[in-house]
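Several structures are given next for inspection.
Paired with chain B in one complex and with chain C in the other, chain A is shared by the two complexes that follow.
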Partner chain A sequence: MEKDKDIVLQVENLQTSFFTEDGELKAVNDVSFSIEKGQSLGIVGESGSGKSITSLSILRLLTGTTGKIIGGKILFKGEDLTTFSEKKMQSIRGNRISMIFQEPMTSLNPTITIGEQIAEVIRGHQKKDRKSAWEDAVKMLSGVGIPEPEKRAKQYPFQLSGGMRQRVMIAIAISCQPELLIADEPTTALDVTIQAQILSLIKKIQRRSGGALVMITHDLGVIAETCDAVAVMYCGKIVEYASVAELFESPKHPYTMGLLNSIPSHETDSEEDLYIIDGQVPSPYELPNGCLFAPRCPYAKEICQNALPELLNLYGNRLVRCHMQQTEGRELEHDRWKSPSGS
Partner chain B sequence: MTGGKVLLEVKNLKQYFPIKGGLIGRTINHVKAVDDVSFTVHEGETLSIVGESGSGKTTIGRSIIRLEQANGGSVIFDGEDLLSLSNRQMRKKRKDIQIIFQDPYASLNPRQTVYQIINEAMNIQGVGNKSERRQDILNLMETVGLGAHQIDLHPHQFSGGQRQRIGIARALSVRPKLIICDEAVSALDVSIQAQVLNLLKKLQRKYMLTYLFISHDLGVVRHISDRIIVMYLGKIMEVSGKKDLFETPGHPYTYALLSSIPSTKPTGEKKERIILHGDMPSPITPPSGCPFHTRCPYAFSACDKTLPPFYEARENQQVSCHLLKKGPVDFTELRKAEDF
Partner chain C sequence: MLIFIVRRLLQTIPVLLGVSLVVFLMIHLMPGCPARAMAGEAADPAQIEIMREQMGLNDPVLVQYFRFISRALTGDLGTSVVSGRSVVDEIFEARFAITFHLAILGTLTAVVLGLIIGIVSATMKDSFLDVLLMLVALFGLSIPNFWLAILLIIEFSVNRGLLPIVGWGELNQMILPTLTLGISGAAIIARMTRANLLDVLSQDYIRTARAKGAGELIVIYKHALRNALIPVITVVGLQFGGLLTGAIITETVFAINGMGRLIMQSITQRDVIMIQGTVLVVSILFVAVNAIVDITYRLVNKRVDLN
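Let's look at the complex of A and B:
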C-alpha cells in the first residue's frame, strides 16, 4: 500500500442487501477493489450479478429503495463515504464523483434546456453566476463533440438523438472535473456506430483529465475497448480480477471461461454450437452453500458444493475465487465445455 | 445452403407510415420505414437482416407476416402473394409462417399457463388431434428444454430464457416452414443467449426450418446465418454470403459497422477502427441519392445524386454502392492509400 496517495477509491468488504417480503437479498456480498488515479476498472457481469448495485452503493443512491449498505467501507481519497451525511454526499455527487447512466432520456429533465441542466450542476458546486455557468455549459457541449453548441444548449432533450443525449449526460458528468467517473452501461441503449463514438469520447476524456473510471457493463467487448483491469461478478461476489489482457488471454475462473466462450464472435467463423453454461443464475434468495457457481460448473467437485472458496491472489493482483485453482493451481482443460448439453 | 428452392420472395416491398398533423389530422408526410426492398429466402437457410435502429429491419418482418399493411410490392410465399390474401386466408397462412418476438415478457399472455398458450395456437390452426394434445405439448416442451412439471405454470414463474423457450415452443407447435426471429435473443444474458441460439440451430436441423433472423448483433448473426442483408434507412445496402460479408465487406457501411463493434481480442492485435460521424438521418427526410452518403467517408460527386444500383462484388454478394462500378473495393487497402 505504498502508493496510497494515488488510490482514488478503495472499496473494502462492501455488503449491500435488499430487505424484501421474501427475506434478505444479498445484492453485493463482500466486494473489495481499489482504483488508482488514471486507471480504468471494468466491472462485468450478467443481470443480477450486483454490478449496478455496487455503483449505486458507492454514490449512496439507494435511499428510497429497500436496499441498504450493511457492511464494509467505501474509501474515497481516504474518507469513508458510508459515514457521510446526505448533505455531504450531495457536495460530492456530480462534483468529485460523477455517474453516467444507461438511459439518457430518463436521466435528463425533459422540461429544461440541456444548457441549463449543465449550468445547474456547475452552479450547484461552484461559485459562478448564471452567465459564466452558461458559458461553461456551452464549452462542455463543444468538448463532448456536439456541433453548434450555442444553438444546441437552448434545445430540450427530445430534440436530440440518443447518441447526442448521451453526450449531454457525459458533459453534465464531467462538468466539475470529477476525480472518479462511474459509467453504468453507458452505451447499452445505443447502436454500435454510436457506441463507438461514445466509447472513444469517454476514453479521450479520461486520458485528458487523468481521473479514474469505473465502467460497469455486461458487454465484454466494451471492457476490452476501454479498461485496464476488470472484475468479473457473479451473484454479488467478485469471482475473478485481472488485467484486461490477461482476462481475455487466460481466464482462470470457470464462469469467466464460460462467459467468454458463449459469446458468438463476429471475428471468427464457427459451424459448431456455442459453448454454453448450463442452467441459470440461482435465485438470490436461495444461494448455494458452497461456491456460487458450483451448480453450473463443469469442473465442480465435492468441496465446491460445501465450502465457499476465498478470493485467492495467484500472483500480483490476479485474483480468482475457485477451489480448482486453489487446491491444484492447474490449468483447467477447455474441452469440458465442448459438449453443449440439455438445450 | 442457397441451392434450395425459393420459399419466400419479397419484391419491391414498401412500407410507409403516415405522419398526421395539422388541425384535422391530415397526413403531412411519411416515414419510409421500408423503401423498395427485394430479396429471396431459400428453403432451409437462415437469412439474417442486420441494421441499426430505424433501418427498417423489424418492419420488414412485420410486413411479411402482415402485422403491418404494406404500401406496395409483393411477398410471394410458396407461390402465393401474401399481400393479396384476405385476412381470413392470411390467418390460415400463419400456420406456415411464425414469428418469435424480442420481448418474451410482452409476447405471452400472463393469465395463461404454458399449456393454454401452446394449446391456443394449435386450436386456431387446427393442428393435431385434441385427445393427444397434452402429450404433443409435453413433447414440444421437452424439445425446447422445458420440464413436464412446468406445463401448468404461468409466464411470470419462468426466467427470461425460459419464457423465450415458451415462445419458441408456441411457434413450433403449428409446424411452420418459416420462422421470423425478431431480435429473439437480444433481451437475454449471454450465457442464456448461447443456450437459445444452440436450440434454434438444433431445431432447424431437426425440422428443416427456414429462418428470417432479424438482429442488430453481428456476432450472433455471424454464428447463425447463411446469408445476410445489411439495411440502412429502409434500403438494402448489401446482400452477401456470411463469409464474404465478414471477410470482405462490399459496402462502406458494412465495413464501418463491422469495425465499430468492440473486439474481445486481447490488445495488440486490435484492428483499425473507423468511427462514423454523426447520426443516422431521419427516415422522414432521407438524403437524396445513396442514403448513406452523408456519413460515408468515401462519398463522391455521384453519391448524392442517384441511388446506386446493385453491383455484383463477388458471387453471392450484391452491393448498392457507386464505388463498385469498376469492381469490388478492398476498404482496408483503400484506407491505407487515401489515409483517411
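Let's look at the complex of A and C:
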C-alpha cells in the first residue's frame, strides 16, 4: 500500500490519434507505464515513434493539432487527467507537471523579457504579487546557473545563447516545484559541450526536489546518463521496458539490440563496423499486420508477419513485445545484425 | 537605437530630393503652358510671353529647379495661379487639419474593426463565423471607395435621412466619410491579423505558454497578439500615410475640403503651382510617416538586431 502512494504518474493503455485527410494516424497506440516519486524514466525511440506525443498527451497539450486522446487513462496521483476540465488542467500545467521542450531557440516568447516569462508562471500558480514573483524569478535564474541574473531577467530571449535559453526553460519548468518534470529532447538542439551541462543540471534539480522525471530522447547516451528505467518505443507502442542497467546489459527486443549496436563506440574505427537497422520505419498509415518491427527484423519468422505480439512480462518489471521471446524464451544472438557493407 | 533613428532620417533626404525632382519635372512635362493658363483664354502671345518671363519659365530648366528647391526650403511653394493664395497657407491653414482629422478617424475605425474581426476569426478558425467574417472582409477589400461612399449616402442620407450628405465639421458629417475609409482599411487589417495570429498560434512559444498553465485569454492577448501585430503595425502606418496624403475620392464624393479635394480641384483648374506644391507636401508627409513607422517597428520588434 505504501508503495502505491509513491506512484506519481500511471499511464494506462493511452491511445492518441491524429485525424488527417489521409486517415487516422495512431501516434500513441496502447501505451502503459508508471513512474514513482524520485524515479526517472526514459522514453527512447526514433522520430515518429510517438514519444513526444505521449508527453504532450499527458499535459493535454494537443491544442491546435488534429491530435486527440481516444482511449486510456492518465492517472496523476490517482486522478485521471483525461477527465479533467481545461480549467483544472491549467492549474496542473507548469505547477504540478512541467515540461521542457526541445527547441530553446523558439520556445521562449521573443517579445517578453526572460524575467517576466518566469514570473508569470509563479504569479499564475501562487498567490504572489509582481514584485516578489519577479524576485523569485531572479532567484530561479541564478539557481539554473545564469550569471548576473538581475541583468539577464530584464533581457529578451534574442540576447541569450541557446544553452542559456534552455536554462531559462528549465527555470520556468521548475519554478513551482513540480511533482513531475517531463523533458522532451532537452539537449537535442544544443552543442555537445552544453548538452552535458544541461543534463547534469536537470539531474541535479531532480535529485534535489525528489520529483519524478520523464526523459524523452532518441539518444541512448542521454538515457544512460540520467534515467533509472527506460521504455523503448516503436511506431506508437512500447516494445521493451527495463531498468537502464538491464537494458544495456541484455536487451531483449531485436529493435533495442539494433539500437544499441548502432551506437558508435571507441572500438569502432571505421564506418564498416557501424551497424545499422535495415529498412525504414513503416508509414503510420500502413502499419504492418503482425509485429510492427517484423519487416526490419533479422529474426522475424512467419508468426511475426501475422500476429502482433503482446507485451510479455519476462520477470519482475521486465517487459518485451516479441514473439521470439514468447515462443522460444531463448536469448537472441546479437550477431544477426549485419554491418551495411558486410552482407 | 539612436544611430538607427539618425540613419533612417538621413535616408529620407535623397528620397525627398528625388521626389522634388519628379514633381518639378512632372509639371514641366505636362502638356499646356502654365503662363497661358494664368494669363487666361483671351490673352495674346505677347501677354503670354510677358507672363512666361515673370514666372521665370524662360530660364534654363536647371535654374528653375534650383529656384524651386531653394524657395521650397524657405517654406515658399509659390502662389496659386487661380486663387492667388499662397500654396503653403492654403494647405496648412485650411486643408491639412481636415485631412489629418479624417485620416485619424479613418485609421482608428479601421484598426478597431480590423483587430476585432481578425482576432475573432483566428480564434474561431474554420467556424461559420470565421468564414462569414472573411467573406465580408473580402467584400470590403474589393469594393471601390467611391461606390461604397455612394451606397452609404443612398442608404443613410437619401433613404433614411439620418446623416448629411456633404461637408465636414459637425460630428454627424464625419460618420459616413470615416466609415467609408474605415471599412476598406479594416478589411486589410482583419485579414492580416487573422493570418499572423494563426501563424503565431502554431509557434513553439505558444505551446510553452500553454504548458505554463496560461489560460486561453492570456495565451492570445499576452503571448500571441504582441507577436502577431508587429507586421500589422507596418500596414496600419502605410494606411495612415495614405489617408494623410489625401483620400482624393472620398473627399471629393463627400465634398470635404481636405488635401485630396485640393489636388483634384487644382488638376481640373490646371493650377500647376498648386499641384506642384500640394504633391510635394503630400510626398514629404508620406516619407515622414514611413520613417516613423520604420522606427516604431524597430522599437516594438525586439528581435530586429539594432545594427
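Note that in this section the second predicted complex is superposed on the first by the 327 of 343 C-alpha atoms of A that agree within 3 Å, B and C clash if a C-alpha of one lies under 4 Å from a C-alpha of the other, contacts with A are read in each partner's own complex, and residues count from 1 in each chain.
Everything below uses one rule, namely that a contact is a pair of C-beta atoms (placed from the backbone, for glycine too) under 8 Å apart; a residue touches a chain by one contact, two chains touch by 3 or more.
On a predicted model such as this, the values are computed, not experimentally measured, just so you know.
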Partner chain in contact with A:Ile92 - chain B first, chain C second, else both or neither: second
Chain B versus chain C as contact partner of A:Ile277, first or second or both or neither: first
Which partner, chain B or chain C, touches more chain A residues: B
A:Met169 touches, of chain B and chain C: first, second, both or neither? second
Which superposed partner A:Ser47 touches (first chain B, second chain C, both, neither): first
First, second, both or neither for A:Ile263, with chain B first and chain C second: first
Touched partner set for A:Gly124, first chain B, second chain C, both or neither: second
Chain B versus chain C as contact partner of A:Phe101, first or second or both or neither: second
Doubly contacted residues of chain A, that is, touched by chain B and again by chain C: none
Touching residues on chain A, where the partner in the complex is chain C: 59, 61, 63-64, 87, 90-95, 98-99, 101, 103, 106-112, 120-121, 124-125, 156, 158, 169, 172
Contact set on chain A toward chain B in their complex: 46-47, 161, 163-164, 191-197, 199-200, 218-222, 224-225, 244-245, 248-249, 258-260, 262-267, 269-270, 273-277, 280-281, 340, 342-343
Contacting residues of chain C [partner chain A, same complex]: 201-215, 222-223, 226-227, 230, 300-303
Residue ranges of chain B in contact with chain A within the complex: 52-53, 145, 159, 161-162, 189-199, 201-202, 216-224, 242-243, 246, 256-268, 273, 275-277, 279-280
